[in-house]
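In what follows, subunit A forms one complex with subunit B and a second complex with subunit C.
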Partner chain A sequence: MSAALSVVVDATLITLVLALAAFGLAIIFGLVGVINMGHGAMLTLGAYLMWAATRMDVPFVLAALISALGVGLVGLLLEHVVIRHFYGEPLETLLLTWGFFLITTEIIKIVFGTDLREVVNPLPGSFDLGTIRFPAYRSLVALFAIVLMVAAALVFYKTRIGIRIRALMQNSEVASLLGLNIQLTYKIVFVSGSFMAGLAGALISPMLSVDPYIGNIFLVRSFFAVTVGGVGQILGGTLAGSFLVGGMETVFALVSSQVVAQTIVFAFAIVILRFRPQGVVTSR
Partner chain B sequence: MSVRVEKLIAGYGDITVLRDMSLRVDPGEIVGILGRNGMGKTTLIRCLAGLIKPDAGSIVFEGQDVTALEPHERARRGFTTIVQGRGMFPQMTVAENLEMGRIASGRGGRDRLSEVLSYFPRLQERMNQQAGTMSGGEQQMLAIGRGLMANPRLMLLDEPSDGIMPSLVTQIAEILVQINQREKMTIIIVEQNVPMVFRMSKHCLILEKGRIVAEGDPNELSSSNIMQEYLAI
Partner chain C sequence: MIEAKDTGVLAGFPPRVRRVREPVVALWVFAILALLPLMSSGYVIYILPQYMLFGVLAMSLALLWGFCGMLSFGQAGFFALGAYIMGLCLQHAGTLGVNAAYLALLASAMAGAVIAGAVGYFLFSAGVRDSYFVIVTLALSIIAEQLAVGQSQVTGGWNGMFIPRMQLSFWDWRLPLDSDASIYYLIVVFVAVTYSFLRWITRAKFGKVLAGIRENEDRILSLGFKVHLYKTATFAISAGLACAAGALYGTHAAFVAPSLAGVLFSTEVVVWVAIAGRNSLLGALLGGIVVSSISNALSAITPQYWQLVLGVLFVVVVAFFRGGIAGAVHRFSARRRG
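Showing the complex of A and B:
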């Protein structure tokens, strides 16, 4: 019983960490239709900025915020210089963000080198609740992911910017005829998605060794999480997709190797998309 | 002068639809634009709204040249456009659609909602309903109400009777006249529904192949052979 509960806890924590990693992608892909192949590089950059900031003894929370702002700024530059000219052209934006990924990864290698870097875990160890042992930092990040998603839901459904963004998603032409500055709103969304990717990279960095490809670990999973969950369903879809990808991988990894578990989950994701291309969560 | 269009030439790529079109609309006037399919009615509305940039010519609104302005910039100057097919935000509620109309341009006041609901009391009963689940007539009321939320001075309507029950078409036409009279709002409406336009407007134009070929009040137009010649009525 205790072992089963531990598996559920592990799967839940991994689901939430993956949801956090996928959230920036879900925002950019779901809301402005850009398949951001640079998402992995944004996660990586967030992790490296976190490493650099904590090495300069910047407090952990402030360092995470600086990392997120840094990646948000990079997202702003990318959007302003390149992406804004190609909204509505998915193939072009896919290739351009892939180019961004390649360039950013090489710059990271030049600036930071290829050695593994460690970000000190601010909450090492674990705590027990009943018979279940929780890793302290991972649990905190998972809790933060929940808080972030609830906050995002409130912004999306209860604020003026949320109404503007939903209107833009549903009918951009009419939104502009009512007075919405489409380009500015796209920019805000793109930068927000970049900020979230940077924040996720920063918060995930103490759980893994930081190298120039740390973001790639999450890139493929994030894509599957977002597409299986339902593009445009940035809250329920991301959570459902993250559970199907991350949670199931955890469960399958118990009875097989990690590689076999990943293969099973990705095959399962492809089957889901074959029969339900809109994803498992859809709007009413 | 509310709207002055001078020698407008516009189209899609190599295809020219509007040819040297000029048009003047007085403040508070309702102008009805009639024409068969493919004669340039929707292109004219889209040009006026800023969705199509003309190849030549100018559009002046209340003395200012707005030809180069984007649609959202025109909305912020007092334009509102009700597109053909009504242009709902289908997964948003009626209340959210109306709120979007109020906040998007920054022109709508907080007390605007009650005025809009006084024109369309039916919307009051539907405030929490998703717009996409309403009937065509209710959606048209919402589209007009949403446009009104921004306190516009010019309303552009593209085929508002399209796909709506005749009884509701009459009702919507009467409400548009009320809005025009109460708010002194200029209205330009393009339609194929001649009775609706004649009920609303004292000044009508007929478009044929991207040009204005006739204009006048409904009596003048219906007593001539123009209707037969250009509208097959």
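Showing the complex of A and C:
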């Protein structure tokens, strides 16, 4: 019984961490239609900034914020210099963001080197609830992921900027005729997505060894989490998709190897993509 | 007509100016490649066939991307699959009865075509297109790499697989290809045949339908063409070629490791083709040869800065010169003719 429960706990934590990693992608893909192939590089950059900041004895929370802001700034630069000229051309933006990935990864390699880096875990150890053991830091990050997503949903549904973004998604032409500044709204969305990616990279960094390709582990999984869940369904879609991708991988990894589990999950995601291209979660 | 922008509808129908030129240039290229071993020897003759096979890989992507508008981030997966098939066949050469290399070439081309055909039909019949196709091919590439790592009893896992050199045989007559020049010629012939084949199908009616799909898929659909079958066939041809090229690469390089299947190599191919010109087969071939040889040369000296330059070049080409170098050359020559 407790073994089954600990699998559930594991799957839940993995789901939420994956949702956190995928969230920035979900925002950019879902709201402005850009498939951000540079998402992996943004996660990686967040992790490296985190490593650099914590090594300079910046407090953990502040360091995570700095990393997120740093990546947000890079996202702003990318959007302003390149991406804004290519909205509405998904294949071109896909290629351009892949170019961003190539460039950023090489710069990371030049600046930080290719050795594995360790970010010190601020909350080592675990705590027990009944018979189940929770890894402390992972649980906190999972909790934070929930808070972050609820906050984002509040912004999306309850604020002026949220209304603007939804108007833009629904009909950008009419929205612009009604006086909405499309360029600025796109920019805000893109930068917030980058910010989230940086934050996720920073928060995930203590869980793994940081190397220049760390983000790529999450790139394709994030994609599938977003597409399986439903593009544009920022909250429910990302969570459902992460659950199907991350949770399934956990369960299959129990009965076979990690590699087989991932292969099965990817194959499953491809099948979903074919039969339900709109994702499992759709709006009413 | 001649002044038409390269981004427009005319880009894919090979414009009249190029129609005269490309075969001439191609003939020169193959003549030079064929004569090279007479003038030179050593490392160049050893290594060039591998770059030529990268060139074939690049052409397989150009067929898919430049001529049909489907971008694949998974071509390297097929290339590596071919290499592994070649390795497995040659390792069991004694038990097969026929020339294992022939069997491997046939089997790898078939395997690539069947896998791509099945996946392609599955996706295209439901109308999966554009970016989603890219993501699926990306996943295929990851699956291929992971399987190569995971199935270590077959593939050797991280350690890779050593592959013997193939030999040619016609009935009782055997020709080992141990010297660099002999296998060089085999591969030159393979590349020339592949190029001619691709040029033929892209200029036949088949190729015109593909260009139509690229430019306006819905219109071609409404004209009554079975778009998903054309796409499936193109993907299958492209993957079969990539696989066969990979098989030859395996036996030439004598070694294959999982990274050959990886996403990074797959997208490197995309970078070559984008820079060289996605609408030109010859451009893609030369791009594969030239860029990969420069990469190899510079990787020894300054790997990171070279990759950085390549990345910047890639972004600039995608943003400003969609036709790549081949497109620019074509535009330049068209302008000179007035």
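By our rule, the second predicted complex is superposed on the first by the 284 of 284 C-alpha atoms of A that agree within 3 Å, B and C clash if a C-alpha of one lies under 4 Å from a C-alpha of the other, contacts with A are read in each partner's own complex, and residues count from 1 in each chain.
What we mean here is this: a contact is a pair of C-beta atoms (placed from the backbone, for glycine too) under 8 Å apart; a residue touches a chain by one contact, two chains touch by 3 or more.
Bear in mind that the values here come from a model prediction, so they are computed numbers and not experimental data.
For the composite obtained by superposing both complexes on subunit A, the positions of subunit B and subunit C are free of clash and fit together. Applying the stated contact rule after C-alpha superposition, one finds that A:F275 touches subunit C and leaves subunit B untouched. Once the two complexes are laid over each other on the shared chain, residue contacts for A:N181 go to subunit B alone; subunit C is not touched. Taking Cα centres throughout, subunit A sits at the apex of an angle toward subunit B and subunit C that amounts to 90 degrees, reported as a multiple of 10.
Among subunit B and subunit C, the chain that touches a larger number of residues in subunit A is C. Residue contacts after overlaying the shared chain place A:I107 against subunit C, while subunit B stays out of touching range. Of the two partner chains, subunit B is the only one that A:R160 touches; subunit C does not reach it.
Of the two partner chains placed around the shared chain by superposition, neither subunit B nor subunit C is touched by A:T250. When the shared chain is aligned, no partner comes close enough to touch A:S194: not subunit B, not subunit C. In the superposition on chain A, A:Q170 makes contact with subunit B only, not with subunit C.
With chain A fitted onto itself, subunit B and subunit C come no nearer than 13 Å, counting C-alpha atoms only.
Residues common to the contacts of subunit A with subunit B and with subunit C across the two structures: none. Every residue of subunit C that touches subunit A in the complex is listed here, in rising order: 71, 119, 122-123, 126-128, 130-132, 134-136, 138-139, 142-143, 146-147, 149-150, 263, 267, 270-271, 274, 304-305, 307-308, 310-312, 314-315, 318-319. Only residues 160, 163-164, 166-167, 170-171, 173-182, 283-284 of subunit A touch subunit B when the two sit together in their complex. Of all residues in subunit A, those touching subunit C in their complex are 35, 82, 85-86, 90-92, 94-96, 98-100, 102-103, 105-107, 109-110, 216, 220, 223-224, 227, 257, 259-260, 262-263, 266-267, 269-270, 273-275, 277.
Partner subunit A is touched in their complex by these residues of subunit B: 49, 51, 70-72, 75-76, 79-81, 83, 87-92, 96, 99-101, 103-107, 130, 146-147, 150.
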